[in-house]
Structure formats: C-alpha cells, structure tokens
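Just below sit the structures, each encoded as structure tokens.
In what comes next, chain A is part of two complexes: it sits with chain B in the first one and with chain C in the second one.
Then we have the complex of A and B:
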C-alpha cells in the first residue's frame, strides 16, 4: 500500500514535470503563459479519444495527443506571439479558459460493448482504460512516464547547448536586439510555443491514461499557475530548474503532514519569497555559469 | 550605398524626423550628429526597420528597403550596433559572437570569423566562456562591435558607441572605427561626441529637430561657426 502511494506521488511528479517544462520553455523566451493547462487538456482528451474510442494502441494515442496539443499551440501562437508581455499572458489565459469551457459542453460518445464511451461535457470523460486493458502495472507506467520525461529532458539539455537554445535565451533577454541580429523573432517564438504545447501535451496524455478519467475542471487556471511557479522556484537557468520546483511542491510540501491544509499558503509564500530573493529561481543563469565553470575546472583537474 | 530620401517618422503626434535626406557612399565614414532628441536614433531605427517611417524612401545598394522587417534588412548587409552597449548578458561572450554571425552563409566559416574578429579584439579572447554580464562597459561595447562584425556587414551603423564609456575606453572605440573602414566596412556613425566623431569621419550631417541643418566634409563642419558655437563652444582652443 505504501509502495502504491509512493508510485502515485512519483507518477504525479513525473506528469506535472512536463507542464512545468512547458511553461519554463516560454519563460526562457520571455513570455509568461497562464494557459499551458490548455495543451495538457487538449492532449488528455485527444489521446483518450484515440485509445478508448478509436481503439488505437497507447503509444500512438500518446503521440497523437502530443501532436494535437502542438497543433493547438500553433493556432494560439500565430495571432498571439506578436503581443508583448502582459497581453500575451492575458491572451493565453483567455485561450485556456475557452478550451476548458468548450470541454464543458463537448460531447462525443460512441457505444462500445453496450456502453457509451467518450467525453460527456461537464460530466467528463470516463473509462480511458488502455493501460489497464493491456495490463500495464502502476510501476511499469511510472517507468514509462520517467522514460518519456528523460527523453524530453535530454532534448531540453541538447537544446540549451544548441544555437536554437541560445536564440531562445536572446529573445527572452531582448527581442528587439535579437531581431537586429538578423533573426526572425516571430518565427522562433511560434516555434517555442509549439514545442511547449507538445511537451505539455505529453504530460496530458500520460495523465489521462493514469487517471482513466478526465473532467474539464481539472484543467483550470491553477494548474497553469503552478506550472509557471515551478520554473520560477527551481530556476530559469536550466531545465532542471522546473523539475526541482515540482519536486519541492509535490515531493516535499505535499508529503509534510504538518503543513497539510496549509500547503497552498506555504507554496504561495515560497513563490513570493523566491521572487524577491532570487527573481529567476534557485538555479538561475548566474548559478549555472558558476556551476559550469566549476565543472570545467574539475574536468581539467582530472585530465 | 545607402540613400535616404525625404524621410518622415512620427511617434503619435511627435514628429521625430521631418524630411531627412542623406547618402553614404561605399568606403566612407559618415557622422550623423545632433543633440538629444534631434532624431538621430529615429532615423537609424527607420533604416534598420525597427521603426516604420510615415513617408520617404530608403535604398541600400540600389534596392528599396523601406519598411522591410529588421532581420531581412540585416541580411542585406546593414548591421546596427545599438546604443547602450547592448549585448546578451545571459549568453557567453562566444555565444554572443556566434549568434551575430548567424546570417552568414555557411556556418562552417563561423569559427574562422571568430578568429578574425578576435584578432581585432584580443581582450575578448580570454573571456569567451564568461557571461556577457561579467564584462565592463568598455568590454561590452567591444563585444557589441565584434558581434556586429561577425555578420560581415557592408554598412555598419554605430549608435552612440562612446556613450557612457570611460574616456580611455571611448578613445579605444574611436581608434578602432577607421581600422574597420580600412578593412572594407562602410560606417555610419551616430554620435553626440561631435569633436571626436568629426575627427575620424569623412563627411557629416547635422540634425536638429528632425531636420538636416548642415552637411559637408567633416573637416569643414568641424570649423563651421554654427557647429562651433552650438556644440564645440566650450572645447574650442582647449
């Protein structure tokens, strides 16, 4: 029983890490999105429909969910990335609420084995049973979550060392100066929003299949606010930052019984404190430069 | 090389540029001088595509570039080193340089370009791994210049390169500009430091309230009584 609890907590940490990485990527390009939960939701529904209603295999359902989320992100990105600062944030929030409200009325059901399956408006979408039907254990599913998380994280680490990663950071620092370097900022921002949508989508698809049940109200704005806060706590200097943020919130705060019931207050206080003391999080860019310097020093000393 | 004809630019009701015409020929250093708010930066922003002029024409190498987006203008060979030593503080010095070269055909040559640029800016060599934010003001200006050169510009626009620098660092910058020209880069220099700008320029334009009020050879402008009284008065004979 305790093992199952641990597996559930770890699985939650893994799934939320995707949406945290998603919000982090946009923070890197200098945009605050309050709407990453929308892509999480679109993919949760999309992948659930694919496996539970169309009978697709799980892996294809996950891929489909991520692609649908990416497509939704493209639709959002094209009109919104030219908006600056607060306007982009408000636009993403409005989009996410719109998505949530659409799922409140979205009904699409088919009869399978004498039972109606599919999204049923505000009653949600039940019986997304693919992993149970194919006898994937909770432990195995956790490994799938962490396997995919490792793939995405490695992708982020490669990105950070690449030209594209440097361009994203340039845009985050100063979009106009980036434009002066001959770079099409709009194009790169659209790319970042789509990539972030796909990453959130992977988390959403994983979530739908573990929970077997999704309903619109799960995807409210608090999910998006948490996703943002994780990067701001853990740090914007590296993709490990948002993961540390998730670990602190779900791993630490939720497991300390003494603060149960006050968790949101402690969490909110922590965010406020860090924004004052370390506005770009624990592992910010300066910390990462320092760590990389130390690492290079160690490597040199070894050889 | 660069021709600006009857350029007008407004911010709301403020008419920042009111009919500026100027020319820069291949291989020249042209100084654009004037007080704060005279319209120097607005004119440059229009050339680079950052601000949209309300009317007028800008041509570069015989082709119209009016209202093109900045990244496309830059690819045609106009590179601006903006005011305020703007570099990317979160990126390393080397990343700053590499990304400046982004539009040059063939990334294989970037390494050679970095080597070439570092020869002109040796002080950057040992700092390649450091974040841009760790540089001093003078070093940051050098990095901004070096980054501009990475893009192999035909025309380099320097917007107030000496602003806010220690006098020694400013001298370094002014010493460098003629060397860049000798290496084949045409330069449009926007400066408030009139004396030093005219000392290295071939020709100059004086901007006041959005209009060109004076233009001519740099040496003649430096002696012009209007300029002497308005900008150089206190320094004359000093």
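Then we have the complex of A and C:
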C-alpha cells in the first residue's frame, strides 16, 4: 500500500463524509431523503463550471458550489417539506433523478485555449483542473478536505448542544408536540433541508476538483442510499455516527482488497443487522446520553 | 378568559362536540368530567388548534383563536398536558422542560445557537427551579423515556408551566396513578400550578376534582349536561344517569 493510495482512500472518506452528514441531518429531523446526491451533483457541476470555465479561484468555486446546492435545496424544500415519511422520500428521489437526467442532456461549453471545456451531456464534464493548475498536491488537497470537514463537524457539534439542534431532534421525534411548544415546524424543516443541501454541496465541489471529471451516472441513487446507510450504521445520536459509518464502509470494506469484492454483501448485511439490533445505529441517543453522563462524571471527579 | 361558543366537531359522522358553550372566568379552576368518549379531550384539541372546529368559535380574552395554529395558540399563553403522555423520550428530563423555552419571545437567533449568555443561564436556572418544584430534581439527567408514569406526568406539568401560561389545560393529570400518588399530584397542582392562573382539569378521579375545582362541567356525547358547583352537579339526575347508566337509577 503506497502513500498515494492511502491519500486517495482518506480523501474519499473525507468527501463522502459530507454527504453522509447531509443525509444524517435529515434523519435527525425524521425524514429519509433518497436525494442528497442531487445536491452533491449540482455543486460538483456548479463549482466545476465556476473554476474551469469562468476562471474563478478554487476557494470561490467551492463556496459557489455550496451556495448553488443550498439554493437548489431551498427550491426542493418549499414544496416537499410538508410531506411526511414515504412521500418525502419519494419526492426527494424523484427530484434527484430529475437532476441526473437534466445533466444527461445539459451541454454548456466554451472554447479555452482551442479546446472545448464544459459539461457535455452524458459524456460528462472533463478537465476540471483547478487544483492541478495551481499545483496543489494530493496531500495538500486532502488537508483542505479535512480542514473543511473539521469546520462542518464543529458546526454540527455546536448544533448538538444548541436550542436549534434540539428543535431538529424534537421534530424528528414528534412534530405535533414540537408545534405545541410554540415552534413553526415547517420553517425549521426548510432550514434543515437547506443546511443539508449546503453540506452535501461542499462534498460535491471537493469531489469534482479531485476527480477532475464528473458524469451524470456517478450521481445515481446508490450514492444517496449509501449516504443514508452511514448514519443508520454509525448512529443518529451524534454527528460522529455517520462518520463512523463512512469509515467502516470506505475505510474497511472498500479499501481492504481481500474483501472488496464482497463489499456490497457485507455492507448490506451490516445495515440489515443493525436495523434489527440497533435501529438508530451504534451511537444512538441512548448511547450518547450514557456516554455524556460518564464524561460529566469524569470531569467532576477530576476537579 | 376563555369563551367557547357553539363549538361542534365530528369525526366521520360521529359528533364529538355538539354546539358546546363554555365560559371560564379569570382565575377560575373548572373540572371537566364525563364518560369516556364524551368529548373532553376533543375540546382540549380544538382549543389548542390540534383539531379544527367544524362550527363555532374559541375566544381567548375576546380574541378569536379558532383559526390559529397550535404554535400560535401556545404563544398566546395556553399550555396543556396530555392524557396519553407526550414527552420527548429520547431527550433528558431537563431537556424536556428546556425545549418549551425555544419559542419564548426573547429567545432570539443567538440564543438558538449558543447557550452561553446570562439570559440563557437564567433560563436554565428556571428549568431547574421547576423540576425542583415538581419533585424531579434528582432525576433531571435521566432519559425522559425511562421515568415511571407518575414522574412523566410531573414532567409534563413542569413543561407546561415553563412559559408561565395564563390558561392551563390538564388532561387527566393523575391518570394511572395510585390513590397516594393522586393525592400528591392534587397537592402539587393546588399549591404550585393553579395560583395565579386559569385552569381546566379533565379528570375521572372525583377526590382530585373536588380538591381543586370550584366548578364542574359535565359532558356527555359532546353536549354539556350540567355546569355549576361540584356538589349540586354531582346530584344532577342526568349526570348520575350518564355515569351509572339508566338502570342504576331505577334500581
């Protein structure tokens, strides 16, 4: 196992963590989205267009991608957020497939240095080379990925302790009872969908620039299904849950070559097993409550 | 304080409330009794906006709230508890009371994100004070879903009181409790929940009702069949018939 391989695996874990956190946030508010890959895709294309075609600097391209994904999420949220359960899931799936099919026919190219650059329908979008043009090494790019992941994760941890995070959990447990605490559930659900869209968008923009090439079929429903499964495996009690799910799937199952052929079998089996034994994942709310209690006990004993 | 005028609501052709009139004066504690299915909880659900009224109006201090959302009605100062307990099982006891503060008018965007301000510390102290008052001080870090039933009812009471509601609706606050627990609950409501506010209590346990209420209102099949002082209402022939059945009177 050489260094570059390790860096690639770690970079993949980092990028997929964003979409896992995105799906996790919606699981916290009690909704199962099969469409978070759409925001990943919208941002991959959007940021690629900004850097490769409009010549924007990479950081602005990433920001732009995340914002476009957030705007797309707002458009999805307004009509769908009143839907519950299966209806919301189907609506998000339909939206994501619509986005993927639009990219199958979406062609927008400009000539740069005698070559056509830009999305070309089902042939995809080549030469998103901003990080190579500015001589960012694979290792440095990995650090950028983890730097942004750290920022997002800290945001999630602050959210967990805040009233806003509690509102999301309340909606996930009992929307009517949440409403009866004087809270506008629809408003907060729209906020959650937009935040989840932005988080998925950061991952998509990072992905497009590392891969340098994106095509519509990458963003099929399996990406969204995996994103959901990560939270369900790792646990819905904390933002570390979906990250554990990603680490198990990509870090172990996909990257250890001896078992990589059986990845989907083992992964599917793991999801099925956990849904029976621990329906809200390894680090569920009860586990986190116990851990936090132990932590408080330790801190008290120290002082 | 509260005026209900000609309120009707039916479910699939069955009338749960039929042209109900009820006026509750400021500071009054009214007991709402009646056989199962007589419309008591439906009345609470219509007042709090969970169910829409088919006809009629609900007025809170002369303001029509019939069409308001449940969230809007809570913010106007009505709080309630639930007959079939509704708490956030996956949250701690303390969090379950804390969550009722999220929508207080002085909780701004900053307070939604950070718990470090002095105002937030004061709000947390208020939560602990209430938990103390209802006797849950030593259970405040427990998961709410793990509490025994009487404690869950106390928790609901604390949560309902956080926003200092002017009208409190209690739906069987002693449901499923032993006589000793019921007496404790009656004392807690009497000493802590009732002073300074208007209250409607649904309850089957007449000892609790007679401790708390100066007035009783009896529903049967969605209609009001008696309304007045407890002693007189309980001797009313229609009330006896509704509770004991027609045969009991003949015997």
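The working rule: the second predicted complex is superposed on the first by the 302 of 303 C-alpha atoms of A that agree within 3 Å, B and C clash if a C-alpha of one lies under 4 Å from a C-alpha of the other, contacts with A are read in each partner's own complex, and residues count from 1 in each chain.
We adopt the following convention: a contact is a pair of C-beta atoms (placed from the backbone, for glycine too) under 8 Å apart; a residue touches a chain by one contact, two chains touch by 3 or more.
The model shown is predicted, which means the values in this text are computed figures rather than measured ones.
Peer 1: Evaluate whether chain B and chain C can sit on chain A together after superposition, giving fit or clash.
Peer 2: Here the two partners, once superposed via chain A, clash with each other.
Peer 1: Name the contact category of A:109: first (chain B only), second (chain C only), both, or neither.
Peer 2: Touch status of A:109: no partner.
Peer 1: Does chain B (first) or chain C (second) touch A:255, or do both, or does neither?
Peer 2: neither
Peer 1: Now for A:176: first (chain B), second (chain C), both, or neither, which partner does it touch?
Peer 2: In the superposed model, A:176 contacts both chain B and chain C.
Peer 1: If you stack the two complexes on chain A, which partner ends up touching A:122: first (chain B), second (chain C), both, or neither?
Peer 2: Once the two structures are laid over each other on A, A:122 reaches no partner at all.
Peer 1: Based on the superposed arrangement, let me know which partner A:8 touches: chain B (first), chain C (second), both, or neither?
Peer 2: After superposing on A, A:8 lies clear of both chain B and chain C.
Peer 1: Quick check on the superposed pair: does A:137 touch chain B, chain C, both, or neither? Answer first, second, both or neither.
Peer 2: It touches nothing on chain B or chain C.
Peer 1: Can A:162 be said to touch chain B (first), chain C (second), both, or neither?
Peer 2: Second partner only.
Peer 1: Taking the stated contact definition, name every residue in chain A that is touched by chain B in one complex and by chain C in the other, in rising order.
Peer 2: 163, 166-167, 169-170, 173-174, 176-177, 179-185, 285-286, 289, 293, 296
Peer 1: Could you pull out which chain B residues touch chain A in their complex?
Peer 2: Per the touch definition, chain B meets chain A at residues 48, 50, 69-71, 74-75, 79-80, 82, 86, 88-92, 95, 98-100, 102-103, 129-131, 133, 147, 151.
Peer 1: In the complex formed with chain B, which residues of chain A make contact?
Peer 2: Per the stated touch rule, the residues are 163, 166-167, 169-170, 172-174, 176-177, 179-185, 285-286, 289, 293, 296.
Peer 1: In their complex, what parts of chain A are in touch with chain C?
Peer 2: Answer in residue numbers: 158-159, 161-164, 166-167, 169-170, 173-174, 176-177, 179-185, 285-286, 289, 293, 296.
Peer 1: Touching residues of chain C toward chain A in the complex: what are they?
Peer 2: My answer: residues 48, 50, 69-72, 74-75, 80, 86, 88-92, 95, 98-104, 107, 111-115, 141, 143, 163.
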